[in-house]
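All remarks here apply to the structure that follows.
A, B and C label the chains in the order they appear, each numbered from 1.
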Amino acid sequence: MSAIKSSMIEYRHVHKWYGDLHVLRGIDLTIGRGEVVVICGPSGSGKSTLIRLINRLDDLSQGDILIDGRSTAGLKGRGLRQLRAGIGFVFQQFNLYPHLTAQENITLALRRVVGLAEPMAVQRANELLDRVGMSDKRDSYPGQLSGGQQQRVAIARAIAMQPQILLFDEPTSALDPEMIGEVLAVMREIAKTGITMLVVTHEMGFARELADRIVFMDEGIILEDAPPTEFFLDTRHPRAQHFLRQLLSPLHTASE
Amino acid sequence: MGLDFTVIARNLDYLLWGRLSTGEPGGLLLTVIMAIASGVLALAVGMVLALIAWWYPGWVRRALFLWADFIRGIPLIFVIFWVYFLVPALFGADIPGAASVVLALAWFTSAAVMYSTLAALQALAKGQREAGIASGLSDGQVLRWILLPQALRNLLPSYVGLFVSLIKDTSLAFIVNVSELTTVASQVNNRTQIFPAEIFLFTAFLYFLLCGGLSLAARGVASLSVRW
Amino acid sequence: MGISFDWAGVLTGEPAQWLLTGILTTAYVTLAASLLASILAVLVLGLRISPARAGRWPAMTIIELFRNTPLIVQLMFWYFAAFGLLPLSWRLWIGNDHAWARLPGGIGIISPEFLAATWGLGLFSAVFIAEEIRAGLLAVPVGQREAALSQGFGPWAILRHVLLPQALRNAWQPVVGQYLNLMKLSSLATAIGLGEITYQVRQIESYNSHALEAFAVGTALYLIFGLVLAQVLSRFEPSQIAKRKPGTVKAGTVALAMVDAAKGIDCSQGADRGA
C-alpha cells in the first residue's frame, strides 16, 4: 500500500536555516532498511528538525534527502502526499484529533487518504487498537484518555497505513513517568517487526536494548554514530561523553 | 454614476461639529464626546461590578450575571428608550437627550466590561493567587498588586474593542433625535434629497476613520506589550 | 408619584394588531437575514482564508469596512442610496404591491424596506460570523494540521475533516451570539421604516402616549424572542464531549474573547459570551 518500496533514507549535505539560525550544518547520514536508529542530543541540537525534514513537515534549505534512492526535495502535491502516507509520524504532543473517537482517529486517513471502505477501515483500526492494548477504549475521545493512552492510539494511527518508515519525535517527553513504560513497550514490539524506525528520544534504556545505531547531535552536526555497545562504552567525542555523563548521573550534573 | 461630493463640502462644518457656534455641539464632535463620556462611565461601573462578582462568587455573582444578561438581551435601542423616558419621569427634571443616551450606552456597555474584566481575572493562572497567598498577602492585596495589574494589561485590547463598539453605538441616538453624526447626516439627506449616496458614504467614511484608526492604534500598542 | 398602567391600551384593538405585525415582521426579517448571513459568511470566510492574495485582500477590505461603520448608517445607505442605483424598472417592480409575496400575517417581503433590511443585516452579520469562525480556526493547535499533513491529507481535506470541525466547536458560543445579535439588531430597521417590533412600539407610543406600557411589552417580546432563538439554535450544537479537557477549553474560549476584542469584533449589543 505504501508508495515507498524499500526504506533506505539518505541525507546528502543537508543544511537548514531558520532565518539566521543555522540549525542543521551539512548532515550526511544513511539509514538502511529495517534499521532502528535513536537520535539524541541536547535541546537545540536540531534533532527534531532532522526527522521532520523526512516527511517534509519542514523543508530543507540545501542538499537533498533520498528515500529509496529517489530525491524528495522537489516533491509537490500528490507526490508529496503519497510520500507522507508512506511514512508514519508520532508527535511529542500526540496530536490526536479531539473531535473523533480513538477508532475514528485511525479510520479517518484510511478512508480519506487511502480510500479504504468503512468496514475494512474499522476492522484494521480495531486490530491496531488491540495491538497497542487500547481495544476497550475504541469509542473514547482523546479528552477522556490519559497521556500514555493517547500516545498509544497515536502510534496505532501512525502504523495504520502500513508505512515502511516510522518517525518518533520525543514520543515520551510529554508523559508522566509512570506512563512512559507502556508507550516504550509498544515501541519495542513494533521495532521487532523489522520496520525502519528513527526515534528522537532521551530514553537510553530503549536505545541500549533496541537500537541498531545511536546518533548523537549537537549544534546541527552529527558528532557520534555508533552501535549501542560502542556508543556507551567507547564514546569518542568529548561532547557526547559530557552529554552521557549528564544524562546518566543522578543529579544530572557533569561531575569530575 | 457620477457622485457629486460638493454637498459634503457645503455641509462639512455641520457634519463635523453641529451647531457649535450656538453652543450646541453636534455631528462627529458630539459622537466623540458621547462615546468618551459613556466609555468612562461604563469602565468605572463595569470594573467595580467585576470586582464585586469576583469577591462574592455565590448568589451575588449570579444576580449580577442575570442583570447583565437581561440588559444585553434587549436591543440597545430599547435601553435608550427606557432611559430617555424613565429618567425625566423618575427624577422630574428634564435632562438633555445626549445625556440620557450617554447613560443608556454606559449602562449597556458596563455589562460587557464586567464580563470581560471578570474573564481576564479568571484567566490568570491559579498559581498567581496561590503564590501571593503563600507569602502572607491578604486576598485584597493579592487582587490589588498581583492579579489586577496583569489582568488590566491583558484587558487593554478588549477595552479598546468595546470603545470602538461604543462609537458605533452612538449612532443609535438617531432614534431620539440627538444630533450626533448619523442624525445630522440624515437631516442633511432629508433636506437635500438627491445626494444620499454621497452623504452616507462620507458618514461611513468618518466612522471608518475613527473606528479603524483606533483599532489600528490599539493593535500597535498591544504588539508592543506582547514581549511581557 | 402615582403611575397607573393601562395595559389594555396597548394589548387590545389597533395597538394589538400593530404588535402582531411587528412580531411577524421581526420574525421574518430575522429568518431571511440569518439565511443570507449564513451563506455569505461561508463565502467571506472562504475568501479570507484562501491562499491567494486576490481572495484575501478583497475579503479583508470588506471585513474592515463593515466592522468599522455603524449598522444604522449601512442600512440607510442601502435603503436611500443603493436602492436608487438599481435600474428604474427594478425599483418600480419592487415598489408595487405583490399579493403573492405576502407571508402569513400579511407581511409583504418584496418591499424596499424589507429587502434593504434583509440585505443590510445579512451582510453585516455575515462578516462577523465569518470572523468568529476564523478565530475558532486560529485557536486550533498547529499540531493538528501537522498530524493531518503527516498522514498525507491535502489542504482542503485538512480543513474539512480536522480544522473546521474543531473551529466550529471552539466558536459555537460566539457564533450563536451573532445570530442572537442579528435578531436584536433588526430593531435598527425601524430607522428605514420597516414595521418590526420597535417601529410598532413607537407608533403605539405616539398614538396613545402609553410609553411605559408599550416599551415594557416591547422589551418582553425581545426577551422572549431571544430565549426561543437560543433554544432553537442549541439544537445544532456540535457534540460537547469531543472538546478538549476542561482546562484547555476555558483558556481557549477566554483567549478567544480577547482575540476578538483585540480585532474589534462587536462586544456590545449582547454578543453572548459569558465568563
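Observations on the model:
What we mean here is this: a residue touches a chain if its C-beta (ideal position, glycine included) is under 8 Å from a C-beta of that chain, and two chains touch if they have at least 3 such contacts.
Just so it is clear, the structure is predicted and the values come from calculations on it, not from any experiment.
Nearest to the global CA centroid, when each chain is reduced to the mean of its CA atoms, is chain C.
Chain centres were defined as the mean of their Cα atoms; on that basis the chain farthest from subunit A turns out to be B.
Note on chain placement: the centre of subunit A and the centre of subunit B lie 53 Å apart, centres being C-alpha means. Each chain gets one centre point, the mean of its Cα atoms, and the points for subunit A and subunit C are 47 Å apart.
Between the CA-based centres of subunit B and subunit C the separation comes to 20 Å, rounded to the whole angstrom. Interface residues of subunit C facing subunit A in the complex, by the touch rule stated above, are 141, 143-144, 146-154, 157, 161-162, 165-166, 169, 238-239, 241-245. Contact residues on subunit B toward subunit C in their complex (touch as defined above): 1, 65, 69-70, 72-78, 81-82, 85-86, 89-90, 108-109, 112, 115-116, 118-120, 122-123, 154-155, 157-162, 164-166, 168-169, 171-172, 174-175, 182, 185-186, 189, 196-197, 199-201, 203-204, 207-208, 211-212, 215, 218-219, 222. Against subunit C, the residues of subunit A that register as touching in their complex are 55, 57, 81-85, 87-89, 91, 93, 95-100, 108-109, 112-113, 141, 143, 157, 161.
Against subunit B, in their complex, subunit C makes its touches with residues 1, 3, 64-65, 67-74, 76-77, 80-82, 84-85, 184-185, 187-188, 190-191, 198, 201, 211-212, 215, 218-219, 222-223, 226, 250-251, 254-255, 257-258, 260-275.
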